[in-house]
Structure formats: structure tokens, C-alpha cells
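Below: a set of structures, written as C-alpha cells.
Each of the next two complexes has chain A plus one more chain, namely chain B in the first and chain C in the second.
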Partner chain A sequence: MPESLSFGIDPITAHAWNKDRTKLAISPNSPEVHIYHFQRGEWKLEEILKEHDLKVTGIDWAPNTNRIVTCSADRNAYVWTQSEEKKWKPTLVLLRINRAATCVRWSPLENKFAVGSGARLISVCYFEKENDWWVSKHIKKPIRSTVTCLDWHPNDVLLAAGSTDFKVRVFSAYIKEIEDRPVSTSWGSKMPLGLMMAEFSNSTNGAGGWVHSVNFSSSGDRIAWVGHDSSISVADASKGMAVSVIRTDFLPFLACLWVSENRLIAAGHGCCPMLFEVNETGKVQFAGKLDASLKKESSGVSAMKKFQSLDRQARTETNDTSLGTLHQNAITSVCLHTGNKANATKFSTAGVDGLLAIWDFNNLESAMRGLKFN
Partner chain B sequence: MSATLRPYLSAVRSTLEAAMCLENFSSQVVERHNKPEVEVRTSKELLLNPVVISRNEKEKVLIEASINSVRISISIKQADEIEKILCHKFMRFMMMRAENFVVLRRKPVEGYDISFLITNFHTEAMYKHKLVDFVIHFMEEIDKEISEMKLAVNARARVCAEEFLKRF
Partner chain C sequence: MAKNTSSSAFRKIDVDQYNEDNYKEDDCGESQSPPVGPDEKEITNFINQGKNIEALKTVLRNAPISSRNQMVKDAALNVVMQVLLSVKSSQIEEAVNALDRDHLDILMKYIYRGFETPSEGSSGQLLAWHEKVHAVAGVGCIVRVLTDKKRV
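This part shows the complex of A and B:
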């Protein structure tokens, strides 16, 4: 059974863990960020970070440097560092955007971070020591609509972005002031800032749906994304940018995460995390539902009532209010908990129902005996 | 007649379940704004294709969805003059109180009798499957209510006419 923590009735817009998973930063659909600390067997509210004016849309916690970056619909982002008295102090970031920020991600080496926004651009921000603030460089072309999701390549230079213009693009976010020239990867060899290394359309025939989440695999060769047409796609740069797509019967996914080089988790409006596998030929296949909780049977449901509900309202299930899954409303984000993208053992999901659940693969493995796990 | 009701309602139900997959979206046209995109309609890429589900010529449902909102417009069966008047008055009664209704739109979309506007804020606060149940239940009950009202009007008219003609 996955461990679940309830944070009230407000949706959890974003969540992030610290390095040893003893602290959790969440935003309960408001301009505040709550920091929880695991002490003596329970989660206690440690601090509330109040600096934003409008809803916080993204949180990321850099594990090694212990800094939190938050971005919000008020066009601002702040980098929070912990002072000696253990209080979190914000530093303003000059994003120079004129629309809401939608998502934020620290780079793997934590020397820079990227913010996607409704201004149709990505701000890549780095620390400028002379003036003691964070400055940004913009990636604009050829993004034509709001950037909804971001993910960094392990080489700290390439950045994948999904947008509501139905495309997934891989850009170079090389900042020459703070790093050396990167070595060539399967995505290309020349990487000046803002160069689009690859562009994938969510569908070959027409639009295909907004891209909700994008994720690089641990090697950086593969990129997975989920779209609003309930599809999940994987592109492999080492196989000449070959794309494998499957359209599922489920409701659209909102988040995806690689848990090994061949397996990924996707979760979304169906309220249940799903496991997908990429086989040797590079094709994506559905591997199973990870929510094994049984549908609750309400006692004393008569045959007459069942027939009436079927006849009058075309309703085939009799259970009224609660869904058969752990999450009672859409899952909005999935984060790694234990392990890394090459080999994850636990991951966490947060949803619109105010619930945060931690799923353990070892328990799930015994629950789903039919599937093989390598 | 009622043989078409169940497939009609199940088609509407499955379309609504898919259309109500909404998420928060800040306006990309005006800063600091967060408005239902299906009403604003400035960014075409954020709108989904509208779907019309018809039971017959008179009864249909138009579902227009976008990234953060859904507009559901219902055309109610109105067989004769009395039903037209009753329907119009009933819908007007509800639409004047649209604020208390939460998901109702103050004016119906052109060509329809009543419209609902459901945004991501509603799906965050309420269960999505219950919202779908509500719309389906509404569609089902409206026809019954109007028939009942028509019967009541006819019965009342008969009583009034009888009383009046007793004098002669």
C-alpha cells in the first residue's frame, strides 16, 4: 500500500523533496510555499515561505546546494537559501518575462535553472557574482505558445521543453559565462545558447494535443512526453530521432518520469499511475496500473437501484462519490523519491485532491505478480 | 422514443469525462489574468474542437472545451407553444440566479436554451465525476419538469374555465 499524506482539501500545485527526503516543500494552490519536516514519525509544518503575490506554479529543490527555486503566476521567481538560523531567505531572480511563469527546474549541476512561461519563452537563469543576483538569458525561437514543462539533459546543457503549441523541443541552454564548452552528444555537436537541437510534433497528422510533461531518461538519449490526446511518446536520439507513440484509452496524463532506462511512469486525469515499458525495438508498451486498491463496494445495493441508475443516467457503476483509486482527483506531478532515473525504487505523486502518495516498487512488485521486472 | 435516451446520455457522459480534463492556465494574452479560455477565445491553440451530440433535430448538446474550461450548451425538447414558453421562463429563472448555481452561465450560447461553464476551479473544488453526473441528471430531469409544469398549466386552465363558465 502506498504511503499517503493529506495536506488538506486544496490541490497541491507543486512539490519537491530535499536531498535525504526528510523535508518536503509543497504549494497548496496559493502564493505560499509550505516546508514540512519529518520528525519523530510524522510530518510537521516547519516554515511558510511568503513572497509571491499570485499562485506558485513550480517548485524545485536542488539536493546538493540545498536551494529552493519557486516560480509563480506573478511573473517572478525566487531562489531561497537557508541561513544559519535555519530560516529560508529569498533572492529575487530577474526573469524579464511579462506573463506568468509555469514551471521551473534546476540543472543537474545546480549552477543554473530554467523557467518556462506564458510569454512564449524559456528563461535560463544563472548567478552573477558581481551584482549578487540571478540574471537570465532567453530562449525564444521558435516557441509559439505557453511553455508547460521542462527537463534537463544529464550533461547540464540541453533542455527539453513541451508547449501548448503541440511540440516538444530540445534546446541548448549553454551559458558561456559559467561553464565550459560541452562535448557532443547524440543530440548534436554544436550547442550555442538557444539553438534548437530537435523538434518533435505530438502527432504526425495535425495538432495532437498540448504537451503536459517531458522527461529525459538517465542516459539522456531518450526523451519521453505525454500529450493531451492521451498519448505517450518516446524519442531516441541514438536511433536517429526515432519516435514511438502509443495512444492509450485512459484519460490524458499530466506527468511522466523515467524510473529505469526502459520503464516510465505516467499519471494524470485518470488518478492512477501507469507503468510503460520500452522494448528492444524501441516501441512503447503499456505494462500495468500501479494502483492496486480495490474498488469499494457499498453495502446493500439492490438490483433495482442498479437497473434504475443504468436506465436513467447511463451510469454503470453504483459506487457514488469515491473513486476506486488512492487519489480522488487528478495527479498533477510525479517526483523521484528513492533512487535515480536509472534505477528508482520509490516515487511520489501529488494531486488536485491535496494528497501526496509515496509509491514503493518493491511492494508493487509483489502486488502485480503477472509482470516481469528486470 | 426512450430507446434513444440511453445511448444519447452515455455519449454525452463519455464526452464530458474527456472534456473535463482541465488544468489551471494563466492567460498568455494579458499578464496576471486567469480567465476561462473557452470564453476569451483569443488563442486558437488552446481551444479543442466543439462536439455536438444530437438525439434528434430538436434535442442536442454542444460541448466546447479548452485547456481550463468547458462550455456545455443544451437544447431542450419543446414540442408546442406552451412548452416553449414554460422552457423559456424556467431557464430564465435559473439563469438570473446563476451566481448561486456556480456552474451556470448567465446567457445561453446562440441557438441553445441553457449553458453551463465549468472551469478548472470547479473541478479542483468538486469531484469531476459528480459534475458529470449532475449535468446528465439535469438533462434528464428538465424534460420531466417541463412536462409536469405543462400538465399543471393545463389542469389549472381547465379549473379556471370551469369556474368561469359556471356563471352562464
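This part shows the complex of A and C:
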């Protein structure tokens, strides 16, 4: 059974772990960020970060530099650093956007972060030592609508962005002030800031749905994205930008995460994390549901109860007020817990039901016989 | 702004319309869907010969989803309704199993459009179709009816 932590009745809009997974930052659908610390076998609320005026839409915790970045609907982002007294101190970042920020991600080397917004642009922010403040550069063209999700390529330069204009784009976020020229990758060789390296439409007929989440694989050659048309797609730059799509039978996914070079997790409105696999030809296939929990059977389910229920309410189901999955409402975010994108053993999901669950592949393996985990 | 005149009319201004970068729906390229829709005579022939499943496949293959012409779409809708209502309840499952995923999505779109304009006994028949398509294609199919901008 996956480990689950309940944080009350408020939905968890975003969550992030620190490096050794002893601390957790979550936002309970409010302008606050709660930091929890795992001490003596239980999670205790350590601090509440109150700086944003409107709902916090994204949190990311840089593992090595131990900084938290939060972005909010109030068009701001703050970088939080821990002082000697172990209190978190915010630094305002001027994003120069005139609409809400929607998502934020530290780059792999944690020297910059990218913020997506409703202003149809991505702000790539880096720290300028001379003036001791965070500066932002914009990536605007050709984004036509709100940027909903971001993910960095392992080379620290390329950035994938999904948007409500039904497209997924890979941009270069190369900041010449703080880094050297990047070497060429399968996405291209020249990478000036703001250059669009690739663009994918979320549907073959030019329709599809909003892109909810985008994720680079550990090698950086593949990106996966999920859309509101219940589809999941994988594009492979090493195979000439070939795209493989499945339009699934499930409710739309809101988050996706690679757990190995060929396997990814997707979770969303269906309240259940699903496993997908990419085979040798590059085709993505459904590999199984990861939530094997059965509906809670109350101790007195008997023939008598069924008849009573049938007589009074004309139905044989005795308990249909709770879902058959661990999460009782949509899963909004998925994070790596143990391992890395090339080989993950645990991942965490947080949902609208205020629950945070940690899923362990080792336990799930025995529950799902017939699936090979290499 | 509101305190001065107690008017909140400023809230109704669309500030985005002056921005040239707006997402315009026409920018999606035209796809290969034929703009004329299925041939009515051909379909009527199929129905008269009892080849209902063939008729269904043909109307779905030629569905004018990319067309901007509302009359073409309405004409196609009528043809599809004829086919759907002509298939006997016992044959619906067989017909649904003969279709692939893309066609099932288009079929579900027509089922919902059919619900919009009910005629005598049509909704009951459409509900039977809905149940069978849902059993095969799941909720994802219904989600795609709601999210797909290419309406039928």
C-alpha cells in the first residue's frame, strides 16, 4: 500500500521535496506555502511562508542549493533561502508579467529558473551578482496563449513548455551571462535565447486539448506531454521528432513524469496513477494502473444488506460514496521521490483531496504480476 | 475606476483584443477531411440493402469535421441520424465493435449532437448507442467530444 499523508481538506495545488526528502513544501490552495519536517516518525508543520497576495500556483525546491522558488497568481515569484536561524527569507523576483504566473521550475544546475504565465510568455530568471538581484529574460514568440507547464532538458539550456494554444514547444533558455555555449543535442546545435527548437501540436487534426504537463526524459531526447483530450504523447528528437500518441479511455491527465528511459507515469482526473511504456519502435502503450487498492469492504456486506439496498434504493452497490482508488479526487502533481528520471523507485502524488501519497515501485511490482520492471 | 461613477462597465472591456499575438483558431491548418460530407444517395442505398454497418463506416469516414460550412455539417448530421436510427438495437454492439478509435470519437460527437435535436424515439435509441460506445471507448471518448474544437 502506498504511504499516504493527509494535509486536511484543502486541495494541494503544488508540492516539492528537499534533497533528502525530510522536508516537504506544499501549498493548500492559498497564498501560503507550508513547510513540513519529518521528525521522530511524523510530519510536523515547521513554518508557513506568507508573502504572496494571491494563490500560489507553483513551488520548486532546488535540492543542492536548498532554495525554494514559488510563483503565484499575483504575478510575482519569490526565491526563498534559509537563514542561520533556519527561517526562510524571501527575495522578490521581477518577472515583468502582467498576468498570473502558472508554473515554475529550477534548471538542473539551479543557476536559473523558468516561470510560465498567462501573459503568454516564459520568464527565465537568473541571479545577477553585480546588482544582487534576480533578472528575468522573456521568451515570447510564438507562444499564443497561457503557458501551463514547463520542464528543463538535462543540459540546463533547453526548456519544454506546454500551453493552452494546444502546442508543446522546446525553446532555448541559454543565458550568455551565466553559462558557456551549450554543445549540440538531438534538438539542434545553435541555441540562442528564445529560439524555438521544435513545436508539436497536441493533436493531428489541429484540435486536441490544453497541454497540462510536459516532461523531458533523463537523456533529454524524449519529451512526453498530456493533454485535456485524454491523450498522452511522446516525441523523440533522436528519431527525427517522431511523435507517438495514444488517445486514452481515461479522464484527462494533469501530470506526467518519466521514471525510466522507456516508462512514464501519468495521473490526473482519473485519481489513479497510470504507467505507460514506450517500446523499441517508439510507440507508447498503456502498461497498467498503479493503484491496486480495492474498494473498502465494510465488515457487514452480506446478502441481507444487498437485498435491503436493492429494496430501498433499487441498487446493489452498498458503498459508492468513495472511489476505489487511494486518491479521492483529482491528482494535481507528481514528483520524483527516490531515484532519478533514469531509474525511479518512488514517486509522490498530491491531489485535490488534500492527500499526498508516496508510491513505491518495489511494492507495486508484486501487486502487478506480469509486468517486467528492468 | 468604479468609485468615481459607481460604474463597473470597465470590467467588460476585452483588453486582450488589442494584442496582435492572440490565439486565432483559424491558424490551425486545414486537414484532409472532405468538405462535402457523405453522399446521401449512397448511404440510402446501403440502408435499403440492409448494410447498416457499411453505411455507418462510410458516414464516419466522410464526416465533414474540418468544414466551416454549417449547412454541410447539418446535412451530414441528418444522414448520420438516419443511419443510427435504422440500426436495430441488437445490432448496435456489433456495429460499435467494427469501428476503430478515431471513428468511435466521431460517432460519440454525432450521438451528442443528436441529443440536441430530439425527434420521436430518437433519444432512446441514441442512449443505447451511447452506452455501447462508452463500454468500448471509455470516458476518454466523451472528454474528446467536449474538448475537440473540430465540431461535427
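Observations
The rule is simple: the second predicted complex is superposed on the first by the 352 of 374 C-alpha atoms of A that agree within 3 Å, B and C clash if a C-alpha of one lies under 4 Å from a C-alpha of the other, contacts with A are read in each partner's own complex, and residues count from 1 in each chain.
The rule we apply is simple: a contact is a pair of C-beta atoms (placed from the backbone, for glycine too) under 8 Å apart; a residue touches a chain by one contact, two chains touch by 3 or more.
Everything quoted here is computed from the prediction, not taken from an experiment.
In the superposition on chain A, A:T321 makes contact with chain B only, while chain C stays out of contact range.
Once the two complexes are laid over each other on the shared chain, residue contacts for A:I12 go to neither chain B nor chain C. Measured by the number of chain A residues touched, the leading partner among chain B and chain C is B.
Contact with chain B, but none with chain C, is seen for A:T332 once the two complexes are overlaid on the shared chain. Of the two partner chains placed by the overlay, only chain C lies in contact with A:G208; chain B stays clear of it. Within the superposed three-chain model, A:V259 lies out of touch with both chain B and chain C [touch as defined at top]. In the superposition on chain A, contact is made by A:D165 with both chain B and chain C. Shared-chain residue A:D229: touches chain C; no touch with chain B. In the superposition on chain A, contact is made by A:T248 with chain C only, not with chain B.
Of the residues of chain A, those at positions 120, 144-145, 164-166, 207, 210, 228, 251-252 touch chain B in one of the two structures and chain C in the other. Residues 11, 13, 29, 54-55, 57, 73-75, 98-100, 102, 118-120, 144-146, 164-166, 207, 210, 212, 228, 251-252, 254, 268-269, 310-315, 321, 323, 328-330, 332, 352 of chain A are the ones touching chain B in the complex. Note for the complex: chain C touches chain A at residues 21-24, 27-29, 31, 33, 65-66, 101, 105, 137-141, 143-144, 147-150.
By the touch rule above, chain A contacts chain C in their complex via residues 120, 140, 143-145, 164-166, 201, 203-210, 228-230, 247-252.
For chain B in complex with chain A, the residues that touch the partner chain are 6, 9-10, 13, 17-18, 21, 23-28, 31-32, 34, 43, 45-46, 67, 123-124, 127-130, 133, 136-137, 140.
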